[in-house]
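Chains here go by letter, A, B, C, D and E, matching the order in which they are written, and residues are numbered from 1 within each.
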């Protein structure tokens, strides 16, 4: 899993039918201190994340497990909303 | 999922038989502002994407789920065409 | 598998129900000499790793195999605690 | 999928028995203009690719689908030989 | 698959029970000319690789296929020992 921050929304009317009804959230990977690092991904959401919130997301085939159709072509999903981070060494 | 822009087409007469009949679209990863970032990949298409269009693509084993034969050796697929992006913070 | 050091903890009250009850450990990839390299990930733990310990972690779909529910949306897991490293050439 | 060029051959007498009889082709990722980009990988071949040819390869678990034993420990495979590339914007 | 050189050994007494009895080899990715490139990974071994040997390794879920328990949480495995490399262009 990775730390991220929801920074936007992608609108796609034409999409794979198994993705219809999902929100496609632009999610920026972040470091434990909140700074941005790396390239944004598009994640589906299972936990009601909103713009600006810090989240935990997964990538790869396990992401599809949050979909109502777990055979959807989905490779990134938000699986938690961060309350707080306790970080040492960095 | 990732944001991308279709920038070309690869022609391959000799290919795995499970890929016959698919379009192999050269897809450039992009940032939310549309600028190019990273190396192009080759994605199959399930949504009728054309050259120049901005799309959402998946990578890894879930990509094969868009194929008529879901056991095809395919690891990248376009699953949506972007209408608009609402991006904050970047 | 990768070498890492546990450097923190992420607290997420709202999360996928299959992740409830797991500790989400912020894990920094390290080189054999212990220096930090690359971006921290969030890993679940199956071996009782504590803050500061050096560990071995896996990523991708195999990580979910350590969960009590192996269908959890989990893509990173600590699978061992390092006692020592014998490294040559570096 | 990725664009690549076959630049060599790795010989390995001792190998997993499910890989016996396969050619292990050193494959350099390339950009649409043919320039090298990134680190070579070792791919098995299902389409008769030769040294110097430009190819399309897949990575990850789907690569094993080209093997006679689809349970082989294989994570990279050549699935097409490029005839031509039509690239715009780059 | 990737070219690598075994450069060390990680000792982990506490580990997932499905990894007990495996050697955890620190494996440095290399280029065809033998130079180091990228960050070392920890790979299990199925072919009797020793310190200093040049090897072929796989990553991701297919790596677990070399384990006696193919459901082990393992994402990197050595699957061949390199006798020689014939490389062109580089």
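To be clear about the criterion, a residue touches a chain if its C-beta (ideal position, glycine included) is under 8 Å from a C-beta of that chain, and two chains touch if they have at least 3 such contacts.
Per UniProt, the chains are A, B, C, D, E = Ethanolamine utilization protein EutN.
These numbers come from a predicted model, not from an experiment.
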{"item": "Chains contacting each of chain A and chain D, listed by label", "value": "B"}
{"item": "Distance from chain B to chain A - Cα centre to Cα centre, in angstrom", "value": "19"}
{"item": "Where chain B touches two or more other chains at once, by residue number", "value": "60-61, 63"}
{"item": "Graph class of chain-chain contacts, one of line, ring, star, complete, other", "value": "ring"}
{"item": "Going round from chain A, first to chain B: chain order", "value": "A, B, D, E, C"}
{"item": "Touching residues (chain side chain D, partner chain E) in the complex", "value": "5, 7-16, 18-19, 24, 26, 28, 36, 39-44, 51-52, 60-61, 63-64, 71-76"}
{"item": "Touching residues (chain side chain B, partner chain A) in the complex", "value": "1-3, 29, 31-32, 37-38, 46-48, 56, 58-63, 65-66, 77, 79-90"}
